[in-house]
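Quick notes on the structure that follows.
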Amino acid sequence: MIHPMKQENRDFMRHILFLGKNSKWYDRADSSELKGSFFRPNQKFCVEHAQRSNIVVDHLNVTIQDNPILKEVSVEIPDRKITCIIGPSGCGKSTLLKSLNRLLDMNEDVHISGSVLVDGEELYAPDVEITHIRRKMGLLSQRPCPLPMSIYDNIAYGCRIHGIRNRKKLNMIVRYYLQAVGLWDEVKDRLHTPASRMSIGQQQRLCLARGLAVEPHFILADEATSALDPISSKTIEDLFLKLKEEYAIVLVTHTLRQALRIADYVIFMYMGEIVEAGPAEQIFKNPRQELTQKYLTGVFS
Amino acid sequence: MMKLKFFEEKAMKGVMLITTLLVFLFVGSILYTIIRNGWRAMSWDMIFSLPGGGFYIGKEGGLLNAIVGSLYIVGASTVLGLIVSIPVVFYLNVYLKKKSKLASVARLAYDVLFGIPSIVYGAFAFTIMVYFGLKSSLAGGIIVITLLIIPIFIRSMDEIARQLPSDLLNASYSLGATRYETIRVVIRQIAPGIATATLLSIGRAIGDAAAVLFTAGYTDNIPTSLGQPAATLPLAVFFQLSSPIPAVQERAYAAALILTILVLILSILGRIITNRFSKNRIQ
Amino acid sequence: MKAGAKIGMKTSKIRLFKDKTAGSVMWIFTWLSVLLVVLMGIGLILKSLPILHDKSLWELLSGAKWKPMRGDFGFLPFIMGTLWVTAIAILWTFPVSLFTAIFLTENSKRWVKKVVFPALDILAGIPSVVYGVWGILVVLPWISDSLAPHFVEYSTGYSTLAAGIVLGVMILPLLISLFVELFSCVSVELREASLALGATRWQTTKYVLLRKTFPGIVASVTLAISRAMGETIAVLMVCGNIVQLPTSLFDGCYPLPALIANNYGEMLSLPLYESALMFAALILFAVVFVFNVISRLILRKIEQNVS
């Protein structure tokens, strides 16, 4: 369950693949084969043999203002799969998601017990250095929330924070990730205009690209398509399907159909508890719990 | 019964219209009076020359000393005020949690400070200055005006900063940014608030006479060091208006006109800048 | 690979250190600015101790004699002056601003707001000394030529009434903006509920809006009063500066801020004189402090209830 060797393994793979000890994919790209078509980032290289990164939630309890929101939640989130959290509204889906990168305890009156292990690191340890764990978790919120700056700076912001200041590298990162989410052709002529002027679907893709640019291992999406029009949400879904080859994607969704379309694993929650979790096929085809059955057939929603 | 109800409606609407027009009447009357009286005494000399020998009995000279003095004081205290208040606003809204006791006490304190009359600021600051053996000087004026505008700065910036969407902060945190690094995001988001707050405070600072009455002093020269006294426009109006000589009183009107124009320019600039800065903002 | 991990840790340590340091610096700034209130209170109290030792508080507040040369320090004329001027200002601005605010939030079209709010901005931005000039040029002649002759034999115009009028115009924008903010807190649904019952707009305003915001209105007026009490220069220019208990609107008066402004810095060699002026500042400070705290707490509560 716990993989203390995890990070080392990734570094090791990087080493084997001639990327050098601390080099990141853009170091390599800087010197070599970026001609016309784009190159693959290091995640692509590491994944094949490296041990999988994962999140293990163990007996997690969350109370907000003395109301229990999550009760004894234990679940493991697999790598390179799309895990959908479904359940009626108010069942603690979003809370579970937010507790995965500790954005929850920024609010007051929140009490959390239990443990969340991210790649073997305890998230709720008292002396944990949270920023590098948060970096591993790309967050996609319900409404797209571009930072109040230009499209370019939105992507470069995270990289600058993590110490990349080289203009050339930044240019490449911006270009690569905009291409990765299919925005490049749409915005390449107005990279320096405010991000708030994009359409809402574009904004959401920008937010995704911004998250990807700091090389996360996970993507946490909180009903990321609910504010979008059908076409944009289809684009995002397709992106998820593409991205799951490299990332673990956790998706809170309010539409069963979406889960049906893209989920590999499904976690069904009800009243702050996990009722059932397992492969999508099994949950949708023959759920073990009566409650799940009822929810899936629309007895309640 | 029915009729009464509709009559009341009409009558009240009429009253409201009258009161609103009354507001316009006051604005118009003030502007008209100041412009008409000030224009007569206005000349390039007024703006670009220092008071001459017989200035205070109605001879040649201008108000350059007061204009420059006011600009010095306002410029310096605006910079100082920003340096103090941006961190405070940032701390209140990003570092502290929403229901923090300190934040609530601090906000109350700024509200109180905002309400304290400038004459009390002036008297208090002057006592302190006397205690430390300082004379009325440019430095004294700058300090007291800084103290005076800090609460204005903080209050008006805080008002905008409190509406910071938590999604925005979360977006920054989830990229691995620390709270301190998030300042880059926050600053951009509240930039229009900062601009408005700045202009509001400048307007207040430039027009305040009571606070600088004792602390900055008055002089016919442009101060060349922080230790020298400095003239200010509001005091130029005030002192010259109390002169019995009509020609000097006229100059008070000119000074009032200059002051009004400065304030109006500031408020127009404020609107332009607010619109400009808003472009990056996320709603 | 260990080196890599180390470097990563190191940079993040530096970043965290920056975060912490910045936090402490900001914490200090915040406390310092909060302490300013306390410091000011303590300073003023310390400075007015000499006169409080010499005379009882009651004696100072109720004495009507002001002869600093002889050591008589009665603050009653000044306190009454302040109260009179403030009362006049509030009395006429309260209805005016209330109706204007109702008009702006309830009845007016969008373009009306677009015209009125900038006008209010201008009014709020005009320096107080300019209000003083306006008072001298417009209000004083109006009182002495048109109004006073109907009531008294002669008036120069420098009077409590003039001060009240000028002060009123000054607090008008504040009061209106407070009211507008208050009224826009009331939800549209509430108004629609009333309108749906067949009430006219004014009835809705009267029975729903005003009743619902009553505590807020009281708080706003309290705030405006405390602001009005401290206004110095403009009032000083038109009030006449005569030490007396005003008996009519056309008498001159001498409010507290004017007392400080006119005399501070001079004649400080007189025993107790400086202390007396600081006591005047202390009175203002105390009143403003209490009024502000009360009204802000009320307004805060209302805001919380709404959100």
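Per-chain numbering from 1; labels A, B and C assigned in written order.
Note that a contact is a pair of C-beta atoms (placed from the backbone, for glycine too) under 8 Å apart; a residue touches a chain by one contact, two chains touch by 3 or more.
Quick caveat, the model's predicted, so the values are computed rather than measured.
Asks: Graph shape for the chains shown, where an edge means the two chains touch. Line, ring, star, complete, or other?
Replies: complete
Asks: Name the most central chain, where centre means the mean of Cα atoms.
Replies: Chain closest to the assembly's C-alpha mean: B.
Asks: Quick one: chain A and chain B, Cα centre-to-centre, how many Å?
Replies: 47
Asks: Distance from the CA centroid of chain B to that of chain C, rounded to the nearest Å?
Replies: Those two chain centres are 15 Å apart.
Asks: What's the distance between the Cα centroids of chain A and chain C, rounded to whole Å?
Replies: The separation of the two C-alpha centroids amounts to 52 Å.
Asks: Quick check on chain A: which residues sit in contact with 2+ other chains?
Replies: Expected reply: 131-132, 161-162.
Asks: Please set out, as single numbers or ranges, the residues of chain C touching at least two other chains.
Replies: 15-16
Asks: Where in chain B do residues touch two or more other chains at once?
Replies: Residues 178, 181.
Asks: Can you list the residues on chain C that touch chain A in the complex?
Replies: Counting only chain C, the residues touching chain A are 1, 3-5, 7-9, 11-13, 15-16.
Asks: For a test of understanding, state which residues of chain C touch chain B in their complex under the given definition.
Replies: Of all residues in chain C, those touching chain B are 15-16, 18-19, 22-23, 25-27, 29-30, 33-34, 36-37, 40, 43-44, 47, 95-97, 99-100, 102-104, 107-108, 112, 116, 118-123, 125-134, 136-138, 169, 172, 176, 200-203, 205, 223, 226-227, 229-233, 237, 257, 260-261, 264-265, 277-278, 281, 284-285, 288-289, 291-293, 296-297.
Asks: Over in the complex, which chain B residues touch chain C? Could you list them?
Replies: Residue list for chain B touching chain C: 5-6, 8-9, 12-13, 15-20, 22-24, 26-27, 29-31, 33-34, 37, 84-85, 87-88, 90-92, 95, 102, 105-106, 108-113, 115-124, 126-128, 147, 150-151, 154, 178-181, 200, 203, 206-210, 213-214, 234, 237-238, 241, 252-253, 256, 259-260, 263-264, 266-267, 271.
Asks: Okay, in this complex, where on chain B does chain A touch?
Replies: Going by the criterion above, the answer is residues 97-100, 165-178, 181, 184-185, 188-189, 191, 279-283.
Asks: Which residues, counting only chain A, touch chain C once they are in their complex?
Replies: 7-8, 11-12, 15, 21-22, 129, 131-132, 161-163
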